[in-house]
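As C-alpha cells, the structure follows; a few thoughts come after it.
Letters A, B, C, D and E mark the chains in the order given here, with residues in each chain numbered from 1 onward.
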Amino acid sequence: MTTSQLPDSPQNSGLWQPNRQLSKSMELLAKIVFGAFGLVSIATTIGIVLTLIFETFLFFQEVPIWNFLTDTQWTPLFTNSQYGIIVLISATFLTSFIALIVAMPMGILAAVCLSEYAPSGLRKWLKPALEILAGVPTVVFGYFALFFVSPILETFVPGLRPFNGLSAGIVLGIAILPTIASLSEDAIYAVPQSLRQGSYALGATKRETVTNVVLPAALSGIVASFILGIARAVGETMIVTIAAGQNPRLTLDPRVPIQTMTSFIVQVAKGDAPTGSIEFITIFAVGMTLFLITLVLNAFSFWFVGRFREKYE
Amino acid sequence: MQTNPSTAVGAGTTFHVAQANYYYGSFLAVSNVNLDIPERKITAFIGPSGCGKSTVLRCFNRLNDLIPGAHVEGTIQYRGVDLYDKSVDATELRRRIGMVFQKPNPFPKSIYENIAFGARINGYKGDMDELVERSLRKAALWEEVKDKLKESGLSISGGQQQRLCIARAIAIEPEVLLMDEPCSALDPISTLRVEDLMHELKEQFTIVIVTHNMQQASRVSDMTAFYNAQATEKGGKQGYLVEYAPTQTIFNNPAQQATQDYVSGRFG
Amino acid sequence: MQTNPSTAVGAGTTFHVAQANYYYGSFLAVSNVNLDIPERKITAFIGPSGCGKSTVLRCFNRLNDLIPGAHVEGTIQYRGVDLYDKSVDATELRRRIGMVFQKPNPFPKSIYENIAFGARINGYKGDMDELVERSLRKAALWEEVKDKLKESGLSISGGQQQRLCIARAIAIEPEVLLMDEPCSALDPISTLRVEDLMHELKEQFTIVIVTHNMQQASRVSDMTAFYNAQATEKGGKQGYLVEYAPTQTIFNNPAQQATQDYVSGRFG
Amino acid sequence: MTATDPNAFSQSSSAEQHFSSDLSGRYRLDNIFRIASWVATVTALVVLAFLLIDVLIDGIPRLDWQFITSFPSRSAERAGILAPLVGTIWLLFVTALFAFPIGVGAGIFLEEFAGDNLFARILEVNIGNLAAVPSIIYGLLGLAVFVRVFLPITGGRTVFSAGLTLALLILPVIIVATREALRAVPSSLRQAGMALGATRWQTVREHVLPQAFPGILTGTILALSRAIGETAPLIVIGAQTFVPFVPSFRGTGFSALPIQIFNWVGRPQAEFHVNAAAGIIVLMIVLVAMNATAIYLRNRFQAEKM
Amino acid sequence: AGGGTDTSTEAPEGETAEAPAEGGGDLSGSIAIDGSSTVFPVSEAMAEEFMAANPGTQVTVGTSGTGGGFEKFCNGETQVSNASRIIEADEIAACEEAGIEFIEIPIAQDALTVVVNPENDWAECMTIEQLSTMWAPEAQDTVTNWNQVDPSFPDAPLALYGPGTDSGTFDYFTDVVNGEEGASRGDYTSSEDDNVIVQGVVGDPNAIGYFGYAFFEANSDSLKAVQIDGGEGCVSPSVETVLDGSYTPFSRPLFIYVSAAALEEPHVRGFVDFYLDAANASLVEEVGYVPLGDELTPLVQARVENGTTGSAFADAPEEASIPEILAQ
C-alpha cells in the first residue's frame, strides 16, 4: 500500500510523527494472527471429523446404516448385536432435556438474582461461588446424583430405580447451571442502566422491568449461554455414566436406567474391547452421530439467535 | 395516612420542596432547594452543566431510589403527600409522574411494544392499537413510523427515538411529566411540535422540564428555576438553587446578579 | 497520484461533493448531494430529524466504513483527493479530520487518558501534560476537571463529558472538525464557549457542524446546507440536499420555499 | 415492608378510568419472582455447600502434609497426591497459555474484524458445535494429533500434549464468552477511537478490550474450571494413574488430580475412598485459588462501567 | 526365587516386612505400563516396591483399558501392557505389523465372585445352571423372580447387578455361565464402577451381583459370597480355593504382556523377574487378588527365561486348564 495521498497541511508541525505504517502493519498482523486463531477451531473440527470418519466408514461396512437408524435395540457388546442408535439418542435427549428444564429457569433466575437483587457486595461473593460449582469434578456430581439425589427422589417417585435418567438429568442441570447463570449474568449486567430507568419511569415494578426490558435486551447473551449449556449437557460424560446406568433401552421413562451416547463412548473407550474391533469402532459411529446432531442443533440456534438478536446501541 | 396537614400546601401546588439537600453517598450534590411547583403549569429548570438539575428532577418520581447511596434530606411533597413517606408506593407514583430522559432510551423492542409496554403493565383497559396511534400522533411521530410499528425502536434515528420515548411516557396518561432535556436530540420542527404538545398537556398536567435552551425555557415555561454550582473546598462542585420565579421575572428582571449574568448570555 | 486535475477544485475548497448518493445496504438514505465546503469557514448542516445530516457528515472522515453495508456513490473529494480512493489511508484521514459526536462518548478511562490517547497513537512528541491542559482549556473544561484528571471520563456530568470529547478531538490538531450536534447536551454558557472556540479554530481549520439549533447555525456558520426528507413509495424516508448557500442567504433570502418554511419556524 | 397505600394521592387524573392496575397483585408477582430468584441462587449454593461439606467430612482427616507430598502407593495410608497435583497445575498452565490467547484472539477476530460473511458464519456455527463434542472425542483427537503427529514437538504422551488437548476442548467456551463480552461494548466507543485516527486494532486494544475484559475472564474461569475436572480425554491421551515422580513439561508420564481421584474412587478398599475425598478437596483448593486470581482481576476491571 | 540372569537383580530376600524381597538394586531406566484397570493395582504395587528396591528406575502405570493398553503397546509406546483378558487376534496382528513381539505372562488370578445380600438365606450355593437361568439372554423380561430360578427359592423379585458390558469380567462371566462371551440378558443394573454394584447389593435383600474378588474382600462384612457348585460340590471363593483349583470355573488369570525387545533391557527384565518372584506374591494378595502359586510360577518364569513369544492362551483349546496351556 502506498503512503497516504493526502496533501500536507500547513499546521502539521514536527510534533506529530505518527508511524502509520507501523500501526497498519500491527493491525494487519493482529488480523492475520487472530484469523489464524479462528482457523484453529476449523482445524479442530476437521481433525475431529478425520478422527471419526475412517472408523465410522469401517463401521458402516459392517453394520448397514439402515439397521443403525431403525433398530430399536442397542447391544453391540452382546452376542446378538444390534445397533439401534435411536436408543442412545433418546437417552441423551432425555437427560439433556431434564437438565435444561432444571438449568434454564434456575440459571436465568440466579443470573437475575445476582445482577438485580443481590447487593453489589454480596454479588461479588455469590458469583464466584457459583462459578466454583462449575469446577466441581463431574465425577463428584455423578456420585452425588447416585448416592444422594436418587435416594431422595425414591421417596416420592414411585418405581424409581437406583440408576435413572431423572437424577442424572437433574444433577446434570445443576452442573451446567453455573455456565448459564454466569454468562447470562454478564449479559444482564451489561444492559445499560438507562433502559431500566426508562422502564421504572413508566411505573413498572422491578420484575416487570427485568422480564420485559432487561431480559429481552440481554437475549443474545442469554441464548448464547443456553447454547453452551445445552452443548455441555449433550456432551457431558461422567455424570450420566455414573448415575444414569449403562442400560441401553428405548424409553422416555426417566425412572429407569438408560445409556447415553457419551456414556457408551466412555464405557468402550476405557473398557477392555480391542481397538479396531467392531465393538470399538462403534464409538466412532456414535461420536459421529453425536457430532451431527449437535451440528443441527447449533445451526438451528444460530438461526434463532440471528432472528432475535437486538442491538441496544 | 401520615400526611401532616400543616405542611400540606394548596391545591395549586404539585410539588412542594423545602430545604431539600440531595446527596450521592456522602457527596452533597445540591443543597438547600426550596420550590413550589404549580399545578398545570410548565416549570423550567435552567443552569450550567453539572449544577444538579437532573438530580432534583429525578427525585420527583423517586428515580434516585435506583442509584445506590442517593438520598434526600428535607421535605419533598407531591400534592401534599411526603414523597419519601413509607406509605407512598414508588411504582404507582411513577405511573402518575412520567419521565423523558436526556439520552433517548427506547427499549430494544418493536416500536409498538415500546408504547404498549407501559400501558399493559399498568392495566390499560382500552384498545391498545388506538392508544399506540394516539400517543405516537401526540409525539409527532406517527407519520414517520406508522408503516414500521413492528420494527425495533432502535432502528430509527436519534430524534425519532426521543419522540418515541415521549410517546411512551404520555401513553400512560401521567399527571405530571418530567422532561430532562427532551429536545436536545430533536430538530426545530420536532421541537416545536413537542412544545406545542407541552402546551396542550399543560391544560391537564403539570410539566417540569430541564433545558439548556434559554429560548425554550422562556418560550414554554411559566416558572423558571435557575440553578448554579460553586466549587467546594474539597474540589467538587455543589449545586444550589439561585432563584425561582415566574419566567418573565427571571428573564427580564431577576433578583440575583448571577441569574442576570446567566440569562444575558442568552442567544438571539 | 490519481487525482484528475479537471475535477480538482480550488485551494479554497476542503470538501468537494458531487452527485453523491449515500446508502445503508440497499436503502438510499440521502440522494444527490452536491456541496463545496470552503476552507477555514464554518459550514452548518440543518434539517429535520432523519434527513441524513449525520450520514453525510460521517462520510467526510469515512466513519461510515464501520457500518456494514454503508457505502457512497459519486464524488467526495478532500483537498482534491478522492476520499474513497484506494490510496487514501482512512486512519490518517481521520487523524486530520476530527469528529465530535451527538451523544457524549468519552472512553471509560481517566480524563487525562481520554486526551492523551489520540496524541499517543498519532505519535505526539511534545509535552503530554501541556497538551492535555491546553486542550482542556480550549474546550472550556480545564477549571472544572483540573483536580481530577485521574478520575474516569464517565464520572463527570453529561455536559462535561461532551466538552471532554471536544477537547479530545482538538488535542490531535486536526485540519477539519466535524461536529454532530456537539452542543445538544451543553448548557448555554458552555455552548457559547464552544462557539467562541469554533470561531477561534476557524482561523486555522475547516469546521462542519450539524445542528438543530437554528440560532446556532445562523450565529456561527458561514455557509449553511439545508436537508430535507421525503417519504418514498416503500414507506421509508429519503433525505436530500435542498439548498446550500451562504448562511445569510439561507436565513434571509432562501431560494427554496421549503427552506423558507423551515427556517421561519425558527425560534425567538 | 409496610403495606403500601396506592391511594396516597388525590385522585385527579382522567387516567383512572383507563388504567386499573392491580398493584398488590403486581407486587405479589414481584415478590414471587424475587424469592424464586433467590431460591435458584441459594439452591445452587446449597448443592455446592453440600458437596463441599460431604467431601470435607470424608477427606479432611486424611489431608495432611504427607498426603500432599507423597507419591501414589498400593497402601492408602502411604499414598499421596504430589504427582497428580503437579500434573494438574502444569495442565492448567499449558491450557491457559494456549487457550486464553487463541480463544480471545479468535473472539476478537470474529467480532471485530471478520464482518458478516459466510466464513464468519461457518466459524460461528462450528464453534458452537465444538462446544458439544464430548471430551473423550477430543481425547481421541489429541492422541492422534498431539501425541502421534506432533511427537517431535510435544514429546508424545506428555503434559504438553494433554494441555493442548484441553486447550482445544475449552476454546469454544472462551471464544463465545469473548464475543459476547465484546458485543456488549457500545459501538460509540469504537467510533470515538477511530475518529481520532486510531486503527481498529488500536481502538480495540485500548478501549474495547478493557471494557470486555471482565466478561472474558468469566468465560475463561468457567472454561478452565471445566478443564481442571476432565478425566476421560486425559486417559485417552495417556495420562498415567501411577506416577511416582514429579512430572515435567515434556517428559512422558504424568498424572492429573481427576484421574487419581477417579482411580481411588473405583478401588474396592474404603480407605482409598477417603483418599479420593481428600484428593477432591485438593482439587477444589486449586480451583478456588485459580478463581480467586481471576475474580480479583475481574473486580479490578469491572470498576469502570459505561 | 528365580532371579533374573542379570547380576543386578540378585538380592538378599526379605529386607523388611513392609517391602518384601529384592532391594538395593542399581537398575535404572523407565518403564511405561498401561492397560486394564483391573490389573492396575497389582502393577502399581509391583512398581512401587520395584522402584523402592531400584531407586534408579521410573515406572508409570496407566489405566486406559485392556484394549487401549494394547493399542499403545502395539504402537511401541509402552513396554508392558496390563490385560484382564487374553490378547485378541486383531491385536496380535497389529503388534505383528508394528514388529512388536511380546511375551504373555499370567501374573495373578482373580476369583469372580457372585454376591448376595447378607439377609439372603436361600442362595447359599448356586450351580452354573442356576446362574445361567438368571443371566441368559432368554431370561430377559421373563425371569424376574427368585422362585423361577429354583422352586425352593422364595417368591421374591430378582434384582440383578453386574459390571459394565465392556469389561473383561463381563466377558468372562458370560462366557462361563452362558457359554459365549457377551451373551447376557440386558435388563440388569450395570455400572462401570464395581463399588456401585456393591452398594446396590448391600441395599437390596433380593439382589444378586458379580464382580472381582477384591471388591468382595473389601466388603466382606456387608456382603455374602455365594458358593459355586461347578460340578464338584459347593466351593467358596478364597485364595486357597483358587490356588488349589477347586474354585472352578470362576477363577481367571490376569496378564501382563511384555515387549520382547524391551525385555532385553536389564531394568525391564528386572521388573518382570521382580513381578514373578514368589517372594512378592504377598503384594498380589495385599491388593485383593490370588497369586499364581507354586505350581504356575515356575511355568511362567520358564516362559520368560526362554523368551517364548506369542499368546499361548489365544491358541489354546476352550477347555484347557491354565497349567496345561502354560506347559505347552
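Quick note on the criterion: a contact is a pair of C-beta atoms (placed from the backbone, for glycine too) under 8 Å apart; a residue touches a chain by one contact, two chains touch by 3 or more.
These numbers were taken from a predicted model, which means no experiment stands behind them.
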Contacts common to chain B and chain C (chain labels): A, D
Pair of chains with maximal C-beta contact number: A-D
Centre-of-Cα separation between chain E and chain A, whole angstrom: 39
Centre distance in Å when chain B and chain E are each reduced to the mean of their C-alpha atoms: 83
Whole-Å gap between the CA centroids of chain A and chain C: 46
Residues of chain D touching at least two other chains: 21, 26-27, 186-188, 197-199, 202, 235-236, 265, 306
Where chain A touches two or more other chains at once, by residue number: 18, 23-24, 192, 203, 205, 208, 266, 269-270, 313
Shared interface positions of chain C, touching two or more other chains: 91-93, 95-96, 103, 121-122, 172
Touch relationships between chains, expressed as pairs: A-B, A-C, A-D, A-E, B-C, B-D, C-D, D-E
Chain C partner contacts - residues on chain B that touch it in the complex: 46-50, 102-103, 144, 147-148, 156-160, 163, 181, 184-192, 212-216, 219, 235, 237, 262, 265-268
Contacting residues of chain E [partner chain D, same complex]: 30, 32-34, 37, 40-41, 43-45, 47-48, 51, 58-64, 68, 72, 77, 193-195, 198, 212, 214-215, 217-219, 283, 286-288
Residues on chain A engaged by chain C in the complex (per definition of touch): 1-7, 9, 11, 13-20, 23-24
Sites on chain A touched by chain B in the complex: 120, 192-205, 208, 212-213, 216-217, 310-313
Complex interface listing, chain D residues touching chain B: 2, 4-6, 8-10, 12-15, 18-23, 26-27
